[in-house]
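Here's the structure, in structure tokens; my notes come after.
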Amino acid sequence: MNEPPPADAKLIPGRWGYLLLPALGVLLLVFVLPMINLGTKSLHLSTGPGREAADYTLQNYLAFFSDSLYWELLGWTSALGALVTVCTLVSALPLSYFLARTQSRLRPILLLLVIAPMLVSVVIRNLGWLPILGDHGFVNWLVLRSGAATEPFRLINNLLGVIIGLVHALLPFMVLTLTAVIQRIAPELEEASVSLGARPLATFFRVVLPLALPGIVAGSLLVFSLSISAYTTPALMGGGRIVVMATYIQQQVSTLLDYAKGATVSMILLVWVSALSIIALRFGKVGREA
Amino acid sequence: MSARWIVPALAGCILLFLVAPVVSVAVSSFSGGPIFVFPPAHFTLAWYGRIPSEYFSALLVSLEVGIGATGVAVIVGVPAGLALVRGYLPFSRALNSFCLTPLMIPTLVIGVAALQFANVIYDVFKLSLMESVLGLVLAHSAFTVPFVIRAVIAGQAQFDHDIEDAALSLGATPVRTFFTVTLPALAPSIASGAILAFLVSFDDVPVALFLGGGSATTLPVQIFNGTQFDLSPAILALSAIVSGGVLLSIAISGKIFGLDKFLGTGHT
Amino acid sequence: MSEVVLRNVTKKFGEHVAVNDLSLTVREGELVTLLGASGSGKSTCLRMVAGFLRPDAGQVFIGGADATRLPPYKRNTGMVFQQYALFPHLTVAENVAYGLKVRRLPKQEVRERTMEALSLVHLEALSERRPAQLSGGQKQRVALARAVVIRPSVLLLDEPLSALDLKLRGELQAEIRRVQQRLRITTLFVTHDQGEALGMSDRVAVMRDGRILQFDMPVVLYQRPNCRYVADFVGMTNFLEVVIRDRVPATRTNASRYNVALLSDPAFSWEVDGVEEVFAEGEKCLLCVRPENIRIADLDPNPLRVVVNKLTFTGDRWYVECTHSQDASVVVIVPGSKNVPSVGEKIPVSWAPEHGVLLRSGNARSSLQ
């Protein structure tokens, strides 16, 4: 609403700063140090389960980038992420547009319906897909009943299941971002377009989409980085057959106890996600200035 | 003109897609007969009575960790959020970004880092944080603290600073103003930040998977293991109960604090 | 004694001087308004009296004591804010009682005085509501009750009515004035609305660029502005560039009568009465006449001949814009029920000598009380 009071009128002049120290201390302990440790671990070679050699080396990274296996992993995870992002974007647009423009009194409830699934644990949501997508589940019951096919579709415990699961998990993020973005576009612009003769769909592509583009990019980058770092959904919806970067990291760290390699791939994932976040922030800012 | 109905219809379909799994859990928890067969042979409440005890102990662990991590978050996060907005600190933008950075790190990476760091702690201090509630509380604090800080910063953006001046002009000292006016006025933001932080901690899988285990198995991890190795409809019953609890607390918070405040300080 | 004195007060924000060596006295029980455009320094002055800002130079006295270094919570001032600043987590009654509770008064007294204050503003029925449930006008009345219940030595109001619509503003102006007079609280009011200032105040200080240009009763400010800015800011004025011809023997003590001629057309001249300043022969200055004082008639032998340019009707009056030449135009107000000349018509206009005001052209003089 208004600015905090000028320096003259501060309540406790000069001493607010100390209140920040406990948080900095806690974050140092539970975040900074573990991350630094992770980074350093990636610079050592593994000598056995849970142990590393003492020298610093970039060998791990070199091994990663020179082995086509790892490039495939990175590429494949990114491709999956891109596909999921596109599907999420396309699915989110109608819902976001509706939420942004509707005057209905149901709007708060609808927003709640968007957010609520996010707050129920991913494992529970994945559980819920089984009765719907399973071989004997709801969808296949419809399919077989209507005679569209004679065999049930494999919709879960495979790649398709993972895609459905990820799109579902990330949809709320995209919807919330896009709804905010579209709301910032004055409705009068669409009215002007229609009054000049453009049909609603044309108005959408000519006016709304271009203006929403920075926000769309920011939202997509966010969803993309979330999907390439996803662990739980690929594990549960993939039936153990789908390996993404997160799965690989888990295998290295929990099963093989190769901490160094696990750390290395984690750092690479981290850098990839951070780069995307920074770009997304830039686009987010541009959208707000527009 | 049928065109007018396309957008709401599509929106409706997508909303259905969003709520489908949650509804499915609730509905399936009542179905008798072989698991995950649609349509259900008959309806029954039997599964609700057959939830294995390890799920309840896991629920308890999740609650302990959640309350612990949220408690830490509120205790250090509220002062931090206040300091960042009012402190006129040097490098305030950098400090701001630093405090919110953990929210941009994939939870998986936080989990791996936590596990490996716990090993280091064990090697150096002979203190075991693995498979312990304390370890999970500390690891979860990495994101619950930024959550609450962000909520407090957002709450102050909508804060009418004149009410502090009003209290001062009415004779209240700065300290008294802080406790009787500033904090109560920020309470809704703090509370909604805390509730969201709790839910994120409660729902977490990667960190609890890596760092927890044994007697410190959280509910999502228990369900995760159960889904992969030992699937029983009783899990659905428990999941339905938990989902109901989560939805209820969101609904109540939304009612008390107003949905905009709640959503405003939430995700993304 | 609850006089408020600002003595040679200066306040800077970085390079910008918001208040410039300003002195002002608000007498006990008086309502003084600081009137000015945004950036004139009026709110800054108010905040220095409240204690939220400390002057870089000069002193602030409240009730005779030097309050310059006192923090706001030790000054016993009551303040009403533009956006009401009601505590959102407290009910109306709790809001009003806040200052009393801080002073640790016994519960019974708190309850009584709270109810008394609420009935003063006619809001007893809403005592258990929360601010979010009130309308703008109701919120402002609660804010007023909260400020006066503590029986402050000074009541400070910072543009309290700017956020309200016109009709509500009028009602609350009357309410504030009524409460202030009844309780006889020394009051300092800040606004940019000259109608509000003139209607409510005992005295008004017109401010510009951190200085007071003129400080006097509303009637005097309106009839005898001391510079162009004040004449223009307070009400509507016509300005004519004139040159002094000669001075005529006074008809009133302490005041002279001057004969002036229109600079661009010396054929037209007038007498101006009641001038207290001294002007030299041949000096150029401004002749100010209020539109409502001008008649379309031949009141004197040589009325100003003008052509009607534009007519604007606002219901109760006509604004008749006329021009004599490029450098001389006037606006005349005619009651709405009367006939008006048509556009293009040539008419004579004149006014009485005591309705003219002579002002120096150029810089404003600041007038200290």
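We call the chains A, B and C, going by the order they appear; numbering starts again at 1 in every chain.
The criterion applied here is as follows: contacts are C-beta pairs under 8 Å (C-beta built on N, C-alpha and C of every residue); 3 or more make two chains touch, one makes a residue touch a chain.
In this text the structure is predicted, and so the values were computed from the model without any measurement.
Colleague: In terms of CA centroid distance, which chain is the most far removed from chain C?
Modeller: With centres defined by C-alpha atoms, farthest from chain C sits A.
Colleague: Ranking chain pairs by contacts, what comes out on top?
Modeller: A-B
Colleague: Distance-wise, how many Å sit between the C-alpha centres of chain B and chain C, to the nearest whole number?
Modeller: Going by mean C-alpha positions, chain B sits 56 Å from chain C.
Colleague: When the centre of a chain is set as the mean of its C-alpha atoms, what distance in Å lies between chain A and chain C?
Modeller: Distance between chain centres: 59 Å.
Colleague: Would you kindly tell me how far, in whole Å, the mean C-alpha position of chain B lies from that of chain A?
Modeller: Result: the chain centres lie 17 Å from each other.
Colleague: Please list all residues of chain A that touch 2 or more other chains.
Modeller: 1-2, 5, 9
Colleague: What residues in chain B touch two or more of the other chains?
Modeller: In chain B, residues 160, 162, 165, 174 touch at least two other chains, as defined above.
Colleague: Two or more other chains touching the same residue: where does that happen in chain C?
Modeller: 52, 83
Colleague: In their complex, what parts of chain A are in touch with chain B?
Modeller: So the residues of chain A touching chain B come out as 1-5, 7, 9-12, 16-20, 22-27, 29-31, 33-35, 37-38, 41, 50, 91-92, 94-95, 97-99, 102, 108, 110-132, 134, 136-138, 140-141, 168, 171-173, 176-177, 200-201, 222, 225-226, 229-232, 235-236, 240, 246, 249-250, 253-254, 259, 262-263, 266, 269-270, 273-274, 277.
Colleague: Residues of chain C touching chain B in their complex?
Modeller: Residues of chain C touching chain B: 50-52, 71-79, 81-90, 98-99, 102-103, 143, 146-147, 150, 156.
Colleague: In their complex, what parts of chain B are in touch with chain C?
Modeller: Contacts found on chain B: 160, 162-163, 165-174, 176, 180-181, 184-185, 187.
Colleague: Please output the residues of chain B touching chain A within their complex, sorted ascending.
Modeller: 3, 6-8, 10-11, 14-15, 17-25, 27-28, 31, 34, 36-39, 72, 75-77, 79-80, 82-89, 95, 98-99, 101-102, 104-110, 112-117, 119-120, 138-139, 141-142, 145-146, 149, 156, 158-162, 164-165, 174-175, 177-178, 182, 196, 199, 202-203, 205-206, 209-210, 219-220, 223-224, 227-228, 235-236, 239, 242-243, 246-247, 250-251, 254, 259, 263, 266-268
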